[in-house]
């Protein structure tokens, strides 16, 4: 094992990870523990405002994130974020406030305190691929996911808008492929990696979601994927929870398990399967995993 | 006799143990490179008659290398001796020079201005915990109280890019900037107050030209200000000519000055000349992102331009 | 009967003289240093340090206008500056090295040409000297024949006393007149002892030996290398109490202007530059040789005096650490070798 | 003392109405150095000029000030008059008391006072004026044309037809450039090769043109009229003198599967090849990287089959140096690729179009080769991936162009027209096919251009969709084009068989390196900069160098040919004289004071400053100083303002002249 | 139609350093268009703003100018391509310096005036003249001309005042 400095992160799970995406939270913690990366939850964190806030009131949305960022300052280490939406909001806030002194002042008044924009906000992908390193990740794999064809799904928020997340190339990212390839799985080349799943239209206009998510599932299927890997609770919701509905609406059958990135990584680095929340997935992944002899 | 040092409230001794190591290293290296013909002369420092003083020395005989020293009194920027202004001094061939980080910035600047070629000089870089400032008593040790103002804000204590770097840096007590505060004080004044300040300062100027003569960048063989056809600047030491001379000097050094502050050190009238240079350096940095550094730059900020340079001041 | 003056009365003397319309020049705080400047009141006087520039400027200012010209309606008129406007002056607090210098310069300013600007100021000035109780490692007055108690050049001479006040002596009539003008300010000297004076830690040099060596060694190898490091500025000359070179410049426009006399220095590269472009002192070593020669030989040749009072200003403020004492000390040694029995160069 | 004559003009009443000209003359007459001050009704009239000439002789004047109108109006007039009277024209100056005084002020008192000031300043200036002689530069009447595309060919032919020698240097084995690759040309749809190849042959046969193909510019020294150009003639491995162009070597070469660059990788060629059948010269070149002989030392078939024994494997690069008097730069363009760009490049690739990984996504030039009768498919439109005829073709415009976020903000100018042409060619060849075009605007100014575009839309039924494409992806054997139609505000998706991208026109790779050799300036995209956008569109700031074609900015064939002829005309104008004569308002270095910091060189926009070595009689280097080449100097004076020691002075605007005026303020 | 001409207590002396191709021509255009502006400005013509040395500005102030205008071609219009862009940097730096020594920058105006902008020339000159009229004479440099370093003169006003106060 290369002896690198121990990595330590502060952790902003976001609301979903304490609710609908508990398995993401659980598997994230599992993977980090297995890789011996420190992860300490920011005490008192609250909602980032998600997609609704900034559509209604920009100051509110910036203030929510700014406050969370200042809370994060109390914990050592760069801020690790799992949810693509939280990641996008926090980064956007840092970006906007750094650029605009007036907004910055307004937010300072709103949250009644100084704001700090220095702490790097990092998505789990970035931590694993860049900070921890792909080589180290590959070395940490105990059970290679050989033979598993994975469609890596980025969704809209992970890389956009290009000036904010700075995670990877906006139109042709490779970070998810690189991470999953490190586990021995085979990322498939497919067309809909970056298309929108419909996101929170899932509640207001489910028809849109059934259409958009269907395209994504169909594309993954066409490309010969066994499963889809996501890094965002919203995407997961649309592709996994709504999958049966989509199949019915379009008269097709996909049976396409949709994993959180950390679930697959967890399997590879030896987190016990029982600690990955596989049982809470709607499309049952166990047949696939058994078939590939991964359980 | 004249004690005019800026006495700070607390004065902590500075660890000067490195100077002995540096001295040793300079002597050894100078003897070696003179003996093996790498260089024909070494420009360094040697001790002065008065205890605790030093002066520039040009050594050509390896036997004399033992007289070279480095101490907190080694204030001079020896880059001066490699310029055209001192062309009668430097012998032909490759020359070695003992250079502090601040001096090396001047060397880089001179390279950028085609005055010296890197391959024609041998740089004995020295780590430097600082040198003594104006008014420091020769016999007293180096402290945070008598440290030169420039050293309080030094960023090049361990120079890079030298042929040899002598010594290792001791840890230094915390140093608070003095000159930066003075800058801030001046900038906060109204123009009329600043005018009064400079008028008072320049009225003392006797035009001994020490500021020009020690400046590594004032290597012109015919200074504009010595010309009388046309006479751009009056040569008499009067307030009118003095003001013009110091403005022209600062302007000519804008974007070139390496910040060694020799002009200010040598001014017998103690005019804070480096404030002018520093102001120009700040302007160059703010406007054009230019900073004098240790690497030669092909073009300076005032010999280049960008399409989108600031022109908010132009109607 | 010897006299003394208290610190308070000394300052009162200044106030009084100023009120009488005299110009009183003495060390006064100017930024971090002191300079000989006109005093407006007794409290301006600062005596704890040697002023940065010498006292010569009381007679030979940095820059002075000597005539003005103006053209009107096609006609040019020239107006000389009237030296009779020079006010009565009292130079107070001049150290022995500063007090001695103007007297040395009288010779050159009244030789083939009488410089009325200098001479009129000399005539109208009374110099109050002050003995030195402090010396630093650059002081070398004793080496060139002066001392901390030297009264040469002073019209009135003050020696600091233990417990305050100054013993007063009047070596000249001018000095006596000054004391007589304000007798109430001077007390009879008691038995207060003078403060110990400060002898610079240098050996006394044989100026005649030095001169003799200089006489025969214009081309000595000593000169080559001695001032390699000289940067060619005028700091030494401008601070020196005895350097007296000046330049004359016309300034102004075609319609109106002034002719001005101002300090010059033999260290400047252009000092001897000819119109042809030829420069007989083309390198710094030759210029520095001239400085030494002028001070210790040429001036002696012509006027029988040495043009150096050992104030040490040039040593203290040379940007490149050139030490005139070290130079003449070495010449002194060489002179001794050359002349000493059996050690000559035979 | 000067003897200056001052002539104050009434300009009818234009000046005298507000300025008391008599008083001006009287006041100025009192100034020292003024020998004569007088006023006259019309100085520029014949009698007025006569007055001036007479006064020069009578009063032995050594300087003149004519206080009248703007020097921009009559400086030439009065300087010529001075010259005719035997006074150096540069000792005559004008004081502008009309445009700058009488016309802009009403108060007679004020205007008169100002006029006196204006004239006084000029009198002081004239006192410091020096007689200047015009500068002459000899001219080598021989031109170099860099680039053998249509621009270079046109310029070379024009200059050669005028009777001057031309060196035409082309980097590729054949001249012809991009135009030789095109199928048909808008707006007339005539066959490109049919109009191009005769010109290529003309070049080959022209007695005044020396052709250097497979050659590059190594170095350029000198200045207008006197350039020394070093050309690298790359080893062809075939002796041009011996080769008859029979083509046996190409036929017999066993290595046949090399992708043809000329055919944009769609066709193949042997290792010994000419880029296309009509190549000029028709002498093959061996592609050493792919030749079996050069790779393994075995084979040698071409040498064996060559009758005249022209194949020479030992040939080396050859450097030749040629004197020329003028240079036409016509290096053309290349197309932007959507591939991932190297890190640090300000220009970005198109990840959303697959970064060039989808085989049936091609660029416009590739489509030209598909449509060309002499192309790899014989003019049939076939998909590169499987050779099928595409039934749905989507054309995407402005790929890279006008896309600030991709690093290029300019319009490539030719794409609207050629895309319209492509849709027509496609329709002509695939009658049941459908062409779609995604476009931002149709920019079709130009003679018969808009009509042409309308024909594509109205008659050839291309479907134009106003909007951009957001993504391309392969779905089965189709390419899904996701885009938007902003005119109706819907998102559209088309399953296409072939996608043709109208990628941006960019300068050639290495355009900056060539510019540095030539000493000409270029913009942030590396397009060469003309001296003035409006009035000097073909001249470079560096005198004697001219621009033609797309190296200066995107342009179509008619514009390119026009500019090439314009550049040729400029060269011919230069060559019409034996010597170049120019105003002596140039910078001159005082070599005695120059300290060789070369700030002048750094700021000179003309590259007129050189480093000059001064040597003693034994040839030892004494010092290096700056030297301003008077033939190249443009006379802006930036060097002087920058020079720390003021060792360089702009004649006519010396510090003495300027300061004399300031002193007199 | 003639407005009554205002008389001012103070008529400043203003010097304009202009390039010949743009601003000088623009000023010519103001003339041919018969526009009117104050007569305080004296124009010195240069080939290019690139030729204008900061020393000229300094000297103009020393020689009694109350205001200085430097004007040339708009960026991109320079007859010599980039002289104005070099000048732009040089004068940005020089302004900073003058400001630092305490010169009121309201006395120093820079502008781009093209050959077509006769109106702008009038506006620039008029604005500057009015501004400087309101500011009053530029005393700083003028005062320096009459002052001496201490040279034994007793009659400087400060000293006189001090003496009187004793």
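For reference, chains read A, B, C, D and E in written order, and residue numbers begin at 1 within each chain.
Methods note: a residue touches a chain if its C-beta (ideal position, glycine included) is under 8 Å from a C-beta of that chain, and two chains touch if they have at least 3 such contacts.
Here the structure is a predicted model, which means the values were calculated and not measured.
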Those chains which touch chain E and also touch chain A: D
Work out the mean Cα position per chain and let me know which chain is farthest from chain A. C
Most central chain, judged by mean C-alpha position against the global CA mean: B
So the centre of each chain is just the mean of its C-alpha atoms; given that, what is the distance between chain C and chain E in Å? 44
If you average the Cα atoms of chain A and of chain C to get two centres, how far apart are those centres in Å? 84
Can you work out the whole-Å distance between the CA centroids of chain D and chain E? 39
Where the CA atoms of chain C average out and where those of chain D average out, how many Å apart are those spots? 69
Going by residue number, chain A touches two or more other chains at none
Taking each residue of chain D in turn, which ones touch at least two of the other chains? 592, 603, 642, 655, 658-659, 663
Contacts with two or more other chains occur in chain C at residues 35, 62-63, 253
Which of the residues in chain A end up touching chain D in this complex? 162, 169-173, 191-192, 194-195, 219, 222
Provide the residue numbers of chain D that touch chain B in the complex, in ascending order. 592-593, 595-599, 602-603, 624, 642, 644-647, 655-656, 658-660, 663
Of chain D, residues touching chain C in the complex: 30, 32, 124, 592, 663-664
Listed in rising order, the residues of chain E that touch chain D in the complex are 2, 5, 13, 15, 20, 24-25, 27-28, 30-32, 34-37, 39, 42-48, 50-53, 56, 59-60, 63-65, 76, 78-83, 86-87, 90, 122
Given the complex with chain E, which residues does chain D contribute to the contact? 70-72, 96, 98-101, 103-107, 110-111, 113-114, 117-118, 121, 521, 529, 531-533, 541, 585, 603, 605-606, 634-638, 640-642, 650, 653, 655, 658-659, 661-663, 665
